[in-house]
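Quick one: the structure is below, and I'll ask about it shortly.
Labels A, B and C are assigned to the chains in the order they are written; within every chain, residues are numbered from 1.
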Amino acid sequence: MRVPEVAEYARSLPNVVYVEDNLYACSEEGLSSIKEQIAKQHLNRVVVASCTPRTHEPLFKEACEEAGLNKYLFEFVNIREHCSWIHMHDSAGATEKAKELVRMGVAKACYLEPQEEFESEVFPAALVIGGGVAGMTAALSLAGQGIQVHLVEREKELGGLIRSVRTLFPAQQDTEDLLGPLVERVRSHPQITTYVGSEAETVDGFIGDFDVSIATDGQTKELKVGTVIVATGAQELKPIALYGYSRLPNVVTQLEFEEKFKEGADTPRNVVMINCVGARIPERTYCGRFCCTTAIKNAIWLKEQDPEASVHVLQRDVMAYGVDIEEFYRRAMELGVRFVRYDIENPPQIMGEERAEAVKVYHQLMGRQVVLPTDLVVLTTPLVSREDNERLSKMLKVPLGSEGFFLEAHLKLRPIEFATDGVYVCGSARYPSDIRESVSQAYAAAAKAAIPIRDGFVRAEAITAFCSERTCTACGNCVEVCPFGAIELQEGRFGETAHVNVAQCKGCGCCVAACPSGAMQQRGFDDRQLFGMISALAEEMTSGTGRQ
Amino acid sequence: MQDKLRDIVNKLQAEGAIEYFIGYCPGAGPHLVVPCFVAGEDEVERLVWNPLCLHNLSKYILQARDLEGKVGLLVKGCDARAIVELLKQRQIEREKMVVIGVPCQGQVDPAKLEKVLGVPMEKVKGVEDAGDAFLVSVGEEKQKVPKEQLLREKCFYCKHPTSFEYDSTLGEMIPLSMDADRGEFALVEELEQLPLEERRAFWQKQFARCIRCNACREVCYACYCTECIFDKKTPRWLDKPPLLPENEIYHLIRVLHLAGRCIDCGECERVCPMRIPLSRLYKKVQKDVAELFNYEAGMELDEVLPLVTFELDDQDSFM
Amino acid sequence: MAPEDNERGGDGSEPKILVFACNWCAYAGADLAGVSRLQMPSNCRVIRVMCSARVKPEFVITALSKGLDGVLILGCHPGDCHYSEGNYFTRRRGLFLRGLLEYLGIEPERFQVKWVSASEGAKFAEIVKEVTEKIKALSANRP
């Protein structure tokens, strides 16, 4: 895409008085330049054509405000994700398209009007859904800031996934040493109300004003909170029908292995672990991130219990990143754990009818099949998203990604928020996270969730609907259509007309499309603006009737 | 029936129950009937009722909103559907009107009459309903013509609202039952069978003839917006010249606004000076609304308009 | 929409397709397609709206009348609408509009409604390719 050509074209558009071609418009310099030109050129509209508004629009809007220009007089045109990045081999087409997108953006900008944002109060409490390490850490962090927290956990006990884990990497610390004090602090904190064996059933409302109902102890408890943190974690994949799992009694998953040997049973003499079971396959392409670490941890433990034990780990690449996991891996090898590489085309085979007796695998380095006699087969499986995620996603109006985990607003720039305001996510609910990561994310989520509460108010984006009373016929279509019940018919200057409650309006625009008279409009997306864009796009097309 | 009507209206006036009455009166010639607003006995004397009372008077009732008192109105069963819709769409309150239902048994289509009898309408002195025939007075004669030969198309599919409380009626309100030799949507289905390009050519030809007189909009009960979107300056949905792209936009947007509200009164087609077959367009709207959303306009007072609601299992096979 | 509309100056240039994409799902899905560098034909022009339900059917009619070759409305999957119900209205309006346009002799390929979620970058690319191809075939048939 030829940017200078697009810039040149922009200069030719009506109402455009200044065009700047900048490599990084969102940098300090870029923003300063914008502010400077607003003052110098007496600009009353600004259009930036670059990346997606979903990331940097707030930044540019702030810059406009700082320069004294109402931030709603700013329009963003996406010529990167929607143009240059997807038409890399079609320079002519991409350039044409970019020009037209800019033309459309300018047309819309001409109809933008200054807006004031509406402030609404934030209820000073937070809801944390999920009482695992992430949830508890987030709850404690919020409570430590003096914020009232409601912590909801589905199981009868707090702790989440690590309750099934016996020891923690790398020091083989007993899980109870971490979990015990954490649970104790949560239970005894005056600002935290814990609901175990409970589920959040409904969450209605919006940032600052969520109405929550929790099913607890056979009753329903209603609460109000300002922000919500999702820390529901994930679950270990149970690889039914793979490698004899669920059919043969001595084929277990890593977590099941840890639970089984928690109570200190005799460890088996021959153990074969198979990694990447149900991960990095066509049906589930992702890597579970720390399951290798878990396998290594358990392999080391087995060798420490019984140095004579024969422990094989069948793997397809060992993910041992960083310093400590790499050292852990090395230690496992030093202790005599054997890592055998297999490939996805020749998976290991379990031999044995009633029990797994041996594992046959094609040893890549040796270049031949080997048969490993075994007393126990441990399958290393990734964490997968919880089945409940669909329900939660609809309840909170937050999206799920392609693997069923929660999808954050932006992978790099907004990793623990959702596009929906007031809801945050941390821990394995987002993608398989180990304890260190879960804890960091929990602190991040708590910090974010605390901001609106500490501010005491939020400003709603001024993209709400409004009704021109003069032309409203009070037909009631808008009232019927509004998903939030934000519109009422009331007596006004022109008789009975529709009135929008700005605090409740979420700016969807359903009402606008349902209004036959065109009285109902949406700030920032009104008919003149959108129609202006359509007209601008269709501008240079002859209509065969002589009309331009 | 005319006498009964005049009696009722006079009584209402005497009681001071209504400010005026909306009904039909003779027009410039005996073959013409026009809507009229009458008050006072001598004006009431002019009220008529016959198979030439084609107009849908419902729209005029909206003027009652500005008055202190009530207004009386004569409606055929089909026109009452417009009243039901106006009530649903909150345009007027039931208390503002005194509705008199007239048991219509079919209206005459003047174009058909001219063709069948071979005389221009100017020669027609009057038409009476005679059960299964119309008695047409031409000159000194009265010709008896089987009803189906002169019947207005929409009357073959006569529909009344399922439940509507008239303040009084001039007889029992029963929909006309006529055997039509074709289905209600036959004209629509005919077009639907044509290949796409022929359909397009058909409509392009029709819309090209539109002079944008807006008569269809003026006569339609559902077009009550104080400022029509076509008259708005921003955005300028339409330019004024009656050119093809504009005309098509005009008609299609009117269809969109009428979807789920068109009650098949047929007025738009009746008043079109260019005789554009609007019934072929609006019956399609009614057909789709019935098939897709299981809905008919103007039948029940407590139904919700189809395009401001949805079903979780709405079809998405079109997607 | 006179037949000449789809030949811009008679030089057979590329069809132009208007796309309405909802902010929460479809627009994000389109962004993801961009981030993933999925390549597709350059005929589509996206207008961002907060919800697909904002799209007035009147926009579709005027766009097609003004000579745009196709209009595509993209929204969230049923049940996932950020505003809980918006896309159900979109679906209903789309259903009715499609029937109307076809009755007027306008090819069904010119107006489509599709669901694209925020994580469906590949689906967005597929839809763009498919819709563009179908509409290109139409324009080529115009006299």
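Note that in this section contacts are C-beta pairs under 8 Å (C-beta built on N, C-alpha and C of every residue); 3 or more make two chains touch, one makes a residue touch a chain.
A quick note: this is a predicted structure, and the numbers were derived from the prediction, not measured.
**Q** Quick check on this structure: which chain has its C-alpha centroid closest to the centroid of all protein C-alpha atoms?
**A** Closest chain centre to the overall C-alpha centroid: C.
**Q** With contacts defined as at the top, give the pair, A-B or A-C, that has more of them.
**A** By the number of C-beta pairs in contact, the winner is A-C.
**Q** Between subunit B and subunit C, what distance separates the C-alpha centroids? Give it in angstrom.
**A** Those two chain centres are 37 Å apart.
**Q** Approximately how many whole Å separate the CA-defined centres of subunit A and subunit B?
**A** Here the centre of subunit B sits 55 Å away from the centre of subunit A.
**Q** I'd like to verify one number: the distance from the centre of subunit A to the centre of subunit C, where each centre is the average of its C-alpha atoms, in whole angstrom.
**A** So the centre of subunit A lies 27 Å away from the centre of subunit C.
**Q** Show the residues in subunit C shared as contacts by 2 or more other chains, in ascending order.
**A** Correct list: 2, 5, 57, 62, 66, 85, 89, 93.
**Q** Return the residues of subunit B touching two or more other chains; collapse runs of consecutive numbers into ranges.
**A** 229, 237, 244-245, 307-308
**Q** Find every residue in subunit A that makes contact with two or more other chains and list them.
**A** If we look for residues of subunit A contacting two or more partner chains, we find 481, 514, 527, 531, 535, 543, 545.
**Q** Looking at the complex, which residues from subunit A come into contact with subunit B?
**A** Spelled out, the residues of subunit A in touch with subunit B are 111, 470-471, 473-477, 480-481, 489, 496, 514, 516-518, 527-528, 531-532, 535, 543, 545, 547.
**Q** Would you mind writing out the residues of subunit B in touch with subunit A in their complex?
**A** On the subunit B side, the touching residues are 89-91, 224-229, 232, 234-235, 237, 239, 241, 243-245, 257, 304-305, 307-309.
**Q** State the interface residues of subunit A toward subunit C in the complex, per the touch definition above.
**A** My answer: residues 52-54, 78, 80-83, 85-90, 93-94, 96-97, 100-101, 104, 393-394, 397, 399-402, 407, 419-420, 463, 481, 483-484, 506-510, 512-514, 522, 525, 527, 530-531, 533-535, 537-538, 540-545.
**Q** So in the complex, which bits of subunit C are touching subunit B?
**A** Checking each residue of subunit C against subunit B gives 1-2, 5, 57-58, 61-62, 65-66, 78, 85, 88-89, 91-100, 102-108, 112-115.
**Q** Please name which positions on subunit C make contact with subunit A in the complex.
**A** So the residues of subunit C in touch with subunit A come to 2-5, 8-9, 14, 16, 18, 23-25, 27-28, 30-31, 33-35, 37-43, 45-51, 53-57, 59, 62-63, 66-68, 79-80, 82-86, 89, 93, 117-120, 125.
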